[in-house]
Structures are given as C-alpha cells and as structure tokens.
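In structure tokens below, several structures.
Common to both upcoming complexes is subunit A, partnered first by subunit B, then by subunit C.
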Partner chain A sequence: MTARRIRNAAFWSACTLAFLCVAAPALSVLISVFHQALPALGWSLLLKRTNGIGIQNAILGTLVMLLGVLILAGGVGVAAGIYLAEFATGRHERLLRFFSEILAGMPAIVIGYIGYITMVVQFHWGFSLAAAVISLSILVLPYVVKTTEVALRQVPTFLREASAGLGLDSTTTVWRILIPPALPGIVSGLIVALAISTGELAPLLFTAGFSDQNPSLALVHHQVPYLTGVIFTDLALPGARAHATSAAAGAVTLILLIILIAVGRLVSRGARRATARMTI
Partner chain B sequence: MSITTEVRPEPSVPPRSARGRVPGLSADRSVRSLLLVAALLPTAALVFLTYQMVKTAWPAVIFNGVSFFTTKTFTIGNLYATGTEVHHGYTAAKGASYGILPLVFGTLVSSFIAVTLAVPVSVGGAILLAERIPVRLQGVLGTFLELLAGIPSVVFGLWGVYTFGPVLSRTVFKWIAALHIPWFGGPAGAGQGLLTASLVLAVMIVPIIAATTRELVRSVPSISKEGAVALGLTSSETVRIVTIPFIRTGVVAASILGLARALGETIAVLIISGNFLNAFPHSIFDPFSTMASTIAAFLDSALTDSTGMAVHSLAEVGLVLLVITLVANLAGRMLTRRFSGAGLPVGRGV
Partner chain C sequence: MIDTPAQVESRPTAPSVPAPEVPRQPRPERHPEEGTPDPVFRVKDLSFYYGPHQALRDVSIDIGAHEITAFIGPSGCGKTTFIRCLNRMNDLIPGARVEGEIDFEGRPLYGADIRAIDIRRRIGMVFQKPNPFPKSIYDNIALTPRRNGVKKSELDGLVEESLRRASLWDEVKDKLQQSAFSLSGGQQQRLCIARAIAVRPDVILMDEPCSALDPVATFRIEELMAELKGDYTIVIVTHNMQQAARVSDRTAFFTVDVSDQGRVGVLVEIGETSNIFTSPEDQRTEDYITGRFG
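Here is the complex of A and B:
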C-alpha cells in the first residue's frame, strides 16, 4: 500500500515539476524582456522614431499592418468559413477544408520567400505594405477560416430549421440568424489571427522592408517599419542603446499581445455563454 | 417522324442536410458565389505558392542534381571570379556548391530533441492542470499556456540569446560537459548552439501539445474515472490506466503538429543557432543551422549573385523544407481526424 502511495506522490511531483517547466519560461521571458528594456522605457519611445531613440514608426507600422490583415484575412477568411460551414457539401467541402489545412502547415519563411520573389520583385511592388499584408494574410487565413467554421457549426440546427420554416432564404438566414450567435467565436478567431500577425517576422523580413519614417497608407513602393523588425535588427547591432531599443520593442510587442489575449479571453467567454444559452 | 425525347429536369433535390442544413427558398446566388470565391482563395494561395516555389527552384533542381542532398558545402561561390560553373546547361557563380546535408541534419535533430523534451513536460503539466488544480485556479494557471503560445519567435530569440543561453552555458551545460559523454562534451560555448536552440524550440511547441492535452484530459468521460476510483486505484494509476489510453492518439497528433512547427521555425533558430555552415556540429553545444534559418540568413547575399542560381537554390531549400513540414502536418492532421474532434490542436501549425 505504501509503495503505491509513494508511486502516486512521485507521479504527481513529476507532473508539478513538468508544469513548473511550462510556467517558468513564460515568466522568465516576460521578466527578461522587460528587464532588458528598462533603460529605454519612457515616453520618448512612443514620441520619437527609430532614427531617434523611439519606436513610434514601428508601432504605427505594425498597427497599419494589423488593420490590413483584419480587412483582407478577416474578410476573406470569414466569408470562406461561412461557405464551408453553410453551403459547401460532400467532396467539394472536404477538399476545400483539406487544402486550407495544408496551407496552415506552410512554413512562414516559405510564404515570405515567395512573397519576395513574386510581389516584391516580379510585380515590381518593392518592399511594401501590400506585399507585407498579403503575406501575413496568407499565413493567418486558415485560422480565420477554421474558427469561423467551428463557430457557425456550434449554432444549433433548430435555428436553421426555424428560419427556413419562417420562409427566410439562406442568405438572410446566415446574416440575421446564424452570424449573431456565432459572432463571439468568429471575433476571437480574428483576434488570434491578429496576435499571430503581431508577432511574426519571417513573412515580413523580405516583404515589408523598413523605414525610419512613419508609415503611409500607400500600398506599394513604400517600405513599412514594424515592431518585430526593430527587435531583430537592433538585437544584432552593437551598443547598449540598440540592445535596449530591441528589448523595448519586444516589450511593446508583448504588451500588445497581452492586450489581444485579454480581449480574446473576454470575447471567447462571451462565446461560451452564447453557446450555453442556445443549447437548451 | 420525329422522336421526341422527353428530358425530365432533375427534381430539385435539397442539398444533403447532413448537418441539418435547410435550403433557402430563393438562395441569393450572387452572395453564394462571392462566398465560394472566398472559400477557393486558400486553395488558390496554396496552389500559387507551390507553383511559384517549384518554378523558382527548378533551375537549381537541375543544376544541383543529387549532390544537393549528399554534399556538405553550401556556398553561393565567388561572385568576383572570372568564369562560371555550368552544370546541365545552367550557370552559377564560380565555386558555387549547394549541399544541404548539414542543414537537413540540423533541422531534423533540433526538432526531434525539441519534441522529445516537450512531450513529457507538456503532457505532465497538462494532466496536473486538468486533474489536480481546482477549477478556479485553472483559468489563472492556464494563462501561462496562452502567454507562451502568444510570445513571438523573435522575442524567444531575444530571450534565448541574452538570458536563457548564457545562463545555461554557465551552469547546466558545464555540468553536462564535465561528464565527458561523447557528443555531449567539449566547450559549452556562450550558449548559442544546437542544445540551446532545441530547448527554445521545445518551449515554443509546449503550448501546442499542452493545450491539446488539457482539452483531451477534460474530455475523458468521468464515468470511467469514477469506475477506476471505485476499484480502489490511486489517482496516478487512474491516469495511467484510464486517461492515458484515452488521450494517446490526440497527444501523438499534437506532437507531430509541434514537430512540424519546430521544423519550420525560422527566426528564433536564426538568432540562437550561431549560424554554422558547411559541417556537422561536433557536439550538442556547437553552433549549427537549419534549412529555414539558412533561407532567412542567405537571401540578402543570394540577391547579389548575378547568375540567379543562389536564389533558385534557396527556393530548392524551401521546397525540401515544405515537403518535410507538409508530410509532418498531414500525418498529424490525419491522426487528429481519426480521434474525435474533441481536442483541436491549438496554435499555428508552423
């Protein structure tokens, strides 16, 4: 009996140790980045650009890209998810979903490389907002499709039946009956997509370029500064200031991500409640 | 005499309502076709990316032949030399040699070390989180997983190169090196190398495996667990006999997706690996390179190659990487489809 009890205790201690191994790196990353960023933290970070001692242009550039991803990947992905959940049937449906999942497995650097070869070089767009946003959107598109589809699937069937019984056509059914309860799920999927876009560098390395100027909304021929780019370039530069700027950009990225995660949590809690309300 | 054949129109069958889909009375065709176009876009993007990749890589595939996979030297050659290398009708700079054997080695070994380390840690942590932690605390502690999943790879690089790597090389690596095991010896270095990169990769894929395991553990029917308790099993025996068999396939699937992510990871490895080319690392502490990190590291200089073969060869590296990650992803997804859809793997595949 005691042997079993000892084995039991040993097992759970091992699990606790494992959990600590999960939690410790997360804490360590946070502490390390903010600690390294300390010398650079201050209002000048937000007020000056990267030619001074700030990262204002990079923050704005990242936000502009997020807006672009929200419009492009959000629009296309939600529409595709609606089609897959509500209209596609049979082999057609399986095939589309399969290819979307394969796209999710595409390494980010491959997307960036092709983005460079085609958009930046062949299309003569140069390093540009369009090339960056399209690369990022391809990266996150499968996520938006998947979460939209799952959110719509969780809307109970009787709502569709009731809607048809009242004589609504399928388009109206989707917009008026099915989207509202699925909205929190769709939005939390979009937030995940934005979080991925905030932190990605590989697809942007060869498509966005960089600039000390604040980003314009010009789609092509204007390079866009962005946060992860600052982290990466300043990391390799000599000098304490560059190092601190790199870490400060990392800290700002983390803050942005924490905000996104928090909002996503609130929304997905709403999603769970909406689902609970629907399943009688 | 004319024969009239009556062509009866197909009776309009409502779409198979497998999921209880109800056909609309006057489905708005334009909206539907617009949605169809959107649904086709991911597929179109996939086809376009693959086509462009193959098209760009093709000259290199011909030029390099089999030696691409059998030689160790990866160099774009001497761009200032007179004369060029010509193989099979394609030219490259003088002395150019594209062999990715060490890169394939680095990619596979670092990813396998990462998965081997990540699986027990994430499964143990997730089982503790789902079975032992009170529900109220689960949300708070689960935040660590979300946080870890959300940390960008470049931030992991920043952490790995300034905090994690140096600390490890001063402590753990020295202890391991003192044991004088072959391949685990030699100078521990400054913390940039195979083992540090593998550890950081492990940290990066932990949330994928752990979040999936947590969902799976929660989906174990409580009746089975209650049965185990009624038979007098201890909680760890319950986990071993009831929970583990139930979640096994899902965990394997999530691990393969984690492997795919590690294989394709670029930036963190680029920062931490030490970018060592043209030879195999002599010990686990040595610097190395992966396929993905080499693409990122080389593109700038590849552009200066006027023969264009450097760009083509990098595309071939990308193509090989693509094939490896796709195989891993497909394997993972097929397994996921086999077990019930309860635990969707969380986090981007790659």
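Here is the complex of A and C:
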C-alpha cells in the first residue's frame, strides 16, 4: 500500500515537473516581454511609425507579408497537398515528398540567404515584399503541404468510392466531396504557417530590408518593415527607449501569435465536430 | 410504414441528362447456350489480378436485362472483385489488371475509347456500408445530376422522383435540407439507392447492400429491388443465401479454388435461382447451399 502511494506520488511529481518545464519558460517570456514593453505600450505604438516612437509601419508590414504568404504558400501548398493525397503515384509522389521533406529541414537562414543571392541580387528586385514573401512561403510550404495531405487522407475512402461510383470526375470529387470535410484541417495548417511566418526573422533579414515608411503593395524595389525586424534592431540600439520599443514589438508579435493560435484552436474544434458527424 | 408500389410505378420521364458518350446499341440476340434472354453484360474468360496475385480465373457469364442476378459464394471467392469489374471500379486500384472480355450492351467495356466515368454513369453502384456524402439529403441526390448538366428548374422534380422510387420520399420530404447522417442506416442505404437512380443508369450493382442493416431495413431494400427490376438490371453480391433465393431471378455461385498456385476465385455455375437452390449441377454448389462448407 505504501509502496503504491510512493509510486503514485513520484509519478504525480514527475508530471507536475514536466508541466512546469513547459509552462514556466513560456510564462517567463510572456511576463518579461510585457514587463519590459510596459513603458512603450500605448496608443502611440499603433499610431506612430518607427521614426517616431511607434511601430505602426512594422505591424502593417508584417500583416502585408502574412497576406502574401497566405496567398502564395496557401495556394501552392494546398495544391501540392491535394496532388500528393489524391493523384500522385510512384516516382512523382516519392520525388515531391522527398523535396518537401528537404524543405522542412532547411534552416531558415539558408532560405533567407538563397533568397538574397537569387531574388535580391541576381533578379535585381532589391530588398522587397516579393523576395520576403517568397522566402517565407518556401519556409512554411512543407507545413501547408503536409497538413493538407493529412486532412485529405483523413476523409474516409467510402466517399471517394461513392463519388467514383456515380461517375463524378476527379475535379468534382476533390472540390465538392473531399475538400469540404477536410477544410477545417487545411485551415488550421494555414494558421500554423502564418504563426511561423509572424515570428520568423532569419529569412527576412536578407530579403525584406526595413523602412520607416508604411509598406506599399509594390512587389519589388520597396523595402518592407516588419515586427521581428524591430525587435532585432532596436535591441541593439543604445537607450532605454529603443529597448522598450523592441520589447513592445515583441509583445505585439506575441499578441498576434496568440490570436492566430486561438483561431487555429477554434478551427480544429470545428474539424473534430465535423468528423464526429461523419461517423455512421 | 411501407410505401405502396403506386408511388414508384411510373417510369421516370423527361430524360434531361445529356446523352452519355457510350452510344446505345441494339440489344444482341438471344444467347442459346446460356439461356439468358437479352444479356446486358457478356463476360468471357475474365481473369483479374491484384498485382501478381490472381483473384479471379476464367469467369464467363451473361447477365440478363431487367433481371436480378445474385452472386453468392464463400469469403474470398472474388464475387466483390467481379462486380467491381462490371463498372470499372477496379480501375481505381493501383496495379489491378483485367484479362478477358466484358461486353456491355454489345460494346467492349474496357475498350480504348470508353471512359470509366461514362461507364459509371450508366452502371450505378450501391456499396456494402451506406456511404452518403456529408451533405444535406437534397444535395446528396442533386449533386451528380447538377454536375451532369440537369437544369436547376428540373432538379427538385428529379430529387423527389428519385426519392419516391427509392421509397424514401415520405420519410424525408419535410427534412430535405438536413444532413444525410441524421438518417438511420437503412434510410441512408435507400438514400444511396436514390442517389444512384438520379443519374438514370441502366444497371444498378449492389455489393452486399444489406450486410450493415437490420432485418426490417433489409426487407425494405429487398422489396425495393423487386420494384426497381422492371426498369433496371440489378446485380447483387450477397453473403446471405436466403436473400439470393428471395430476390434473384438467376444466381451465380463462385468459390475459391485452392491449388499450388494459391487461392483464386472461380465461377462454378450460374442458373435460374430455383434450380441452383434445388438441383444444382455441381457438387460444390450443393455442398455450399446445404451448409456443408462456407
């Protein structure tokens, strides 16, 4: 009896410790970032640009890049995921999977550097929205491909058979029969991709540049400001004010991430409900 | 509870579906040896392979129009594989291979100029487990005709008619916009039959359509088959010999042939259902139907 109690207590302490190991760093980052950001927090953060004491331009720049990533990585990634899950066979499937896995393992800084020497230098685009969005999209593409493929593979085979049995063509089968139940899974994959893009710095250092102006939608020859850029540069500047701005940019990035994660949770809850309804 | 046949008697009118690309041929003449009037399918020496594994060997069979043909036999005898050859569902399986000939209404089913999706519009299929789409009852029926070019104004009528013919209309007419998954298993299976009918096929293949249903739902599907037989050729795979005896006009018995080369499905015999169950020609059929094996 006592031995069992001791084992029980040991197990629960191990669980608590594991929980603390996960929760404590996350909490400490949150607390310390918001604490350091405190002096800079205020409406001026949103109303002024980085040449004043705000980060309006960086927030807008990050949002514009997220939109670009959503369109580019979303479009290409979802298409590749559909292809892998429904159509690819044999050598094509193996090749695509192989390259997708290589991309997934590629360091962000390498992607940034390649983006720099090709797009920024070779193509003469300069530091630009296009170079930044393409680099970020390459970085998050494997996540989108994988989640799309997994979401489609979870759609029961009997629906494919039902559709084939009615003589429906493969376009109709994919868009009308398979995508709707897979949609929540695909969307939560896209949100993870956006969350990663929000927090990335390395690929943007080489491709986005920076600017005190609000971002234009011009694809090339215009540098783009972004949040992680502010965190990185202002921290290196002298003075408490710059440090507070850096922390404030960090805080805004975290808020953006939390919003994205919350949306992702909501969507995957919707996904679970949809699959629960599908069981016969 | 059970719908009167009056609701389902009328043959669907207004062929609003665009003509399928497979041209209809005059029906071939009577086939003396087989005794099948007016065969829809003529299968000659069909062998089927999953990769290197042979699943069926030298199946020759005629399937008559406006008849119910039942395939019975022990597990693994290839009856499901065979029925899936008839609408080219096996095309979807990588590495699957067909040898021999299947003529459908006088034309080779596996001919180079024939597209599988056109075939499947002419030859509908009902599966072992009810497999409605995760959509409303209405959309389950309407999706395929809409894709095939049926006009919006005609869809409501087509949905009602298909549901009536599947004797499901009275149970669902007030909840057409509800999810198909809100229906019971038996209702879902009748919905799948209605969905197949809505494409206006010539043939309906049923692969153990009642194996997931309770006896009452099974009875209703069997009744429905008898009603549909006037307009469609029906082929049914069943594990249930009583079902074959109750519903079918002709019965084919398949079995597993075990040899050094492995296990392969073969057709033992086909004949009038009453003959197969009372005086089969082959000893193996007799052993099976009297319960000595299988």
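Definition applied: the second predicted complex is superposed on the first by the 271 of 280 C-alpha atoms of A that agree within 3 Å, B and C clash if a C-alpha of one lies under 4 Å from a C-alpha of the other, contacts with A are read in each partner's own complex, and residues count from 1 in each chain.
In this text, contacts are C-beta pairs under 8 Å (C-beta built on N, C-alpha and C of every residue); 3 or more make two chains touch, one makes a residue touch a chain.
Predicted model only: the values in this text are computed from it and were never measured.
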Mind working out whether A:231 is in touch with subunit B, subunit C, both or neither, as first, second, both or neither? first
Pick one for A:259: touches subunit B only (first), subunit C only (second), both, or neither. neither
Touching A:181, do we find subunit B (first), subunit C (second), both, or neither? second
Quick one: is A:164 in contact with subunit B, with subunit C, with both, or with neither? Answer first, second, both or neither. both
Subunit A residues in contact: does subunit B have more, or subunit C? B
After superposition on the shared chain, which partner residues are touched by A:46: those of subunit B (first), subunit C (second), both, or neither? neither
Look at A:6 in the shared chain and tell me whether it touches subunit B only, subunit C only, both, or neither; answer first, second, both or neither. neither
Could you pull out which residues of subunit A sit against subunit B in one structure and against subunit C in the other? 89, 158, 160-161, 163-164, 167-169, 172
Touching subunit A in the complex: which residues of subunit C? 87, 89, 92, 94, 117-122, 124-125, 127, 129-135, 143-144, 147, 179, 181, 185, 188, 192, 195-196, 199
In the complex of these two chains, what residues of subunit B are touching subunit A? 15-16, 18-28, 31-32, 34-36, 38-43, 45-46, 49, 52-53, 56, 120-125, 127-129, 132, 141, 144-148, 150-159, 161-164, 203, 206, 210, 234-237, 239, 260, 263-264, 266-267, 271, 292, 295-296, 299, 311, 314-315, 318, 321-322, 325-326, 328-330, 333, 344, 348-350
In the complex, go through subunit A and note every residue touching subunit B. 4-5, 7-8, 11-12, 14-19, 21-23, 25-30, 32-33, 36, 75-77, 79-80, 82-84, 86-90, 95-96, 99-111, 113-114, 116-118, 138-143, 145, 150, 153, 157-158, 160-161, 163-164, 167-173, 195-196, 198-202, 205-206, 228, 231-232, 235, 243, 246-247, 250, 253-254, 257-258, 260-261, 265
Give the list of subunit A residues in touch with subunit C in this complex. 89, 158-169, 172, 176-177, 180-181, 274, 277-278, 280
